[in-house]
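For reference, the structure I am asking about is given below.
We just call them A, B and C in the order they show up, numbering each chain from 1.
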């Protein structure tokens, strides 16, 4: 990288001569090492999934979750520095709660994403702080229907039908595009049902995971749909298990084809 | 050094006319008059009744919110569930009740959000009651009471037993197998106790009322309250809290009998 | 002066997205003497190796009680540990005061992790230089957490931090499957074996350098219930000095060793002398051991 050693990349409040903020770009690098996180907007809800990499086999099974709840109906899956993820989730909860306090009504996913992005952006403006080393997926169901957003360390955010962040996001995105395109072609604009999507998200996370190179992982999935009472909740154990089995089977099938 | 004695009313500064440098410390806030707090409730709910039975606890309250003696709002629910195993029955100021609901709902919502990460159970009925007791006592100590009397009913999942307790605007707290607020404490509590003790005995160590028996006692008590409490209406709900969770009944009415009123002086047709 | 231009303050990312100041803070934890934690279905225990700075100094305590149901073992900067454990005590008290509830263990650990995170993101602060192992029990049973200066908190079946903790980790990894259903005595024996593995050659676990904390129902066989009401109630309690004698003996017995400890101590007739020998022996182990073993987890990213 040509930026190294120029001195223009030491502070987030310094532009390089060609107008870049290197510290923000470096923050992106912290995301690339993290296990993949996926969000998929479905016709009847939203599903979030992460590949929770295990840095030790002494970690308690099923604990140390990476997806957080921001409000009853909104979840946050982030990839990057774990501690930053907790910080952002806490802030997200405060925003959601203050919205309810002020307007006596649940915040929409769009408005909450907007507020979170403003918070992230503020950490790219001052030399006294560093940006968040996080890409975050915000998903939920509100009065406008199922919604999905992804916010980058710079504070920029877009709405998505499907999105992936973290290590192996390129491969995950290709797979997600196939699903979305299939839906578009068949005219089912709303996409899959969440039930169908569980298997897809599990399959993609298993596909992206590299058994040879990566540490072991646990699959973590949450959803917001009618079946979960329109609340952000863990995908029930039995559904998760069956999705994992199908994902493993699909993976072996794929290997035979190769 | 030896100043003239100041005129007596300079220590008041009644009209806040002193130049700022002369204002004594602590005086400016009083210059606008005494600090005012809630000194009376406005829109109020009347009695709440609570009764333990063999599988849990029931709480009853009518649907009226009065504005003074005016039966102003006749479709108000004064029973509020908090999570799966707790319920509040609230008497007193209805706007304070609404504020309380909002605060507690926000608190429990945060608990639920955190539970996604650590799977820890939410606040128990006892925990919520403890919080309310502290809140009510702290507020009355600031001379700014939360103008309510509250019954907290619930199911303690750890001990596997029902929970029923009282807290009011003075921060007074107590617990008993039968409880009532306000007028109900005078008119209904004896009836509830009588029914409870008839089976369980004075020490409460005998069998408890069944669900049907408990509901009957509450129905009877609500009828008595409707007859004699001028701030009640004949439309009420009963909440039942058991191990399975909270259920709140639809509004219902007592069958009333007014024939005797014909004979009452000043009520019936007689002229004398 | 610096190793590279990206490690002089905590608000600067390296081109690889690393925070060097945080990683250096993790090194401070490895300078501290070892602490080990493990848990079963019913108990959680901490075992630590105390150091003393010389013959005139006492051994530095490494176990801190936070509340009846929570306690921590520290490795790293002791003064940072005091700030954080003080904060934990406040959180624990606040929960008991307002809700009458023992604070959930995961929440109290997260509260210091959140504090530590801000120290990695704001200029003019430094990351804390201490790591905790936290044991506790709440409505969901016994727990063991690791808190680290990077602002993370992870839950473990068993874990070790501090100097030469990799050796203990190796022991724990090969044995942790049996911890779940272990008795308190077995759990402590495993812990002591793991702690033993962190010692340098010719060093031994002794009354002076070993301290053990327990949460969960007491075991009269190995614990002196007459001197600990906390033990009777199953609350957090610490055994050290003479109090740890029974536990050490039981452990040596389980390994088929001489109950009185290693040979050279056998020559000394009196038990007082035993403690003293150990003390001076331990005192010489002041210098932090060399570079930490490779493969120690640096857990900022994941």
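Here is the rule we use: contacts are C-beta pairs under 8 Å (C-beta built on N, C-alpha and C of every residue); 3 or more make two chains touch, one makes a residue touch a chain.
Keep in mind the model is a prediction, meaning the values are calculated, not measured.
Averaging Cα atoms per chain gives one point for each, and the point farthest from that of chain A is the centre of B.
Across the structure, the highest number of inter-chain C-beta contacts is found for A-C. Chain B and chain C have Cα centroids lying 48 Å from one another. The distance from the centre of chain A to the centre of chain C, each centre being the mean of the chain's C-alpha atoms, comes to 34 Å. Mean C-alpha position of chain A lies 44 Å from that of chain B. Shown for chain C are the residues in touch with two or more other chains, namely 110. Residues of chain A found to touch two or more other chains are 63.
The set of chain B residues that touch two or more partner chains comprises 114, 117-118.
Listed in rising order, the residues of chain A touching chain B in the complex are 63, 65, 67-72, 75, 93, 97, 100-101, 104, 222, 232-234. For chain C in complex with chain B, the touching residues are 97-101, 104, 106-107, 110, 138-140. Within the complex formed with chain C, the residues of chain A that make contact are 1, 3-5, 7, 9-12, 22-23, 26-35, 53, 55-60, 63-64, 80-84, 86-87, 90, 123, 127-133, 215. Across the complex, chain A is touched by residues 102, 106, 109-110, 112-114, 116-118 of chain B. For chain B in complex with chain C, the residues that touch the partner chain are 114, 117-121, 123-124, 126-128, 130-131, 134, 158.
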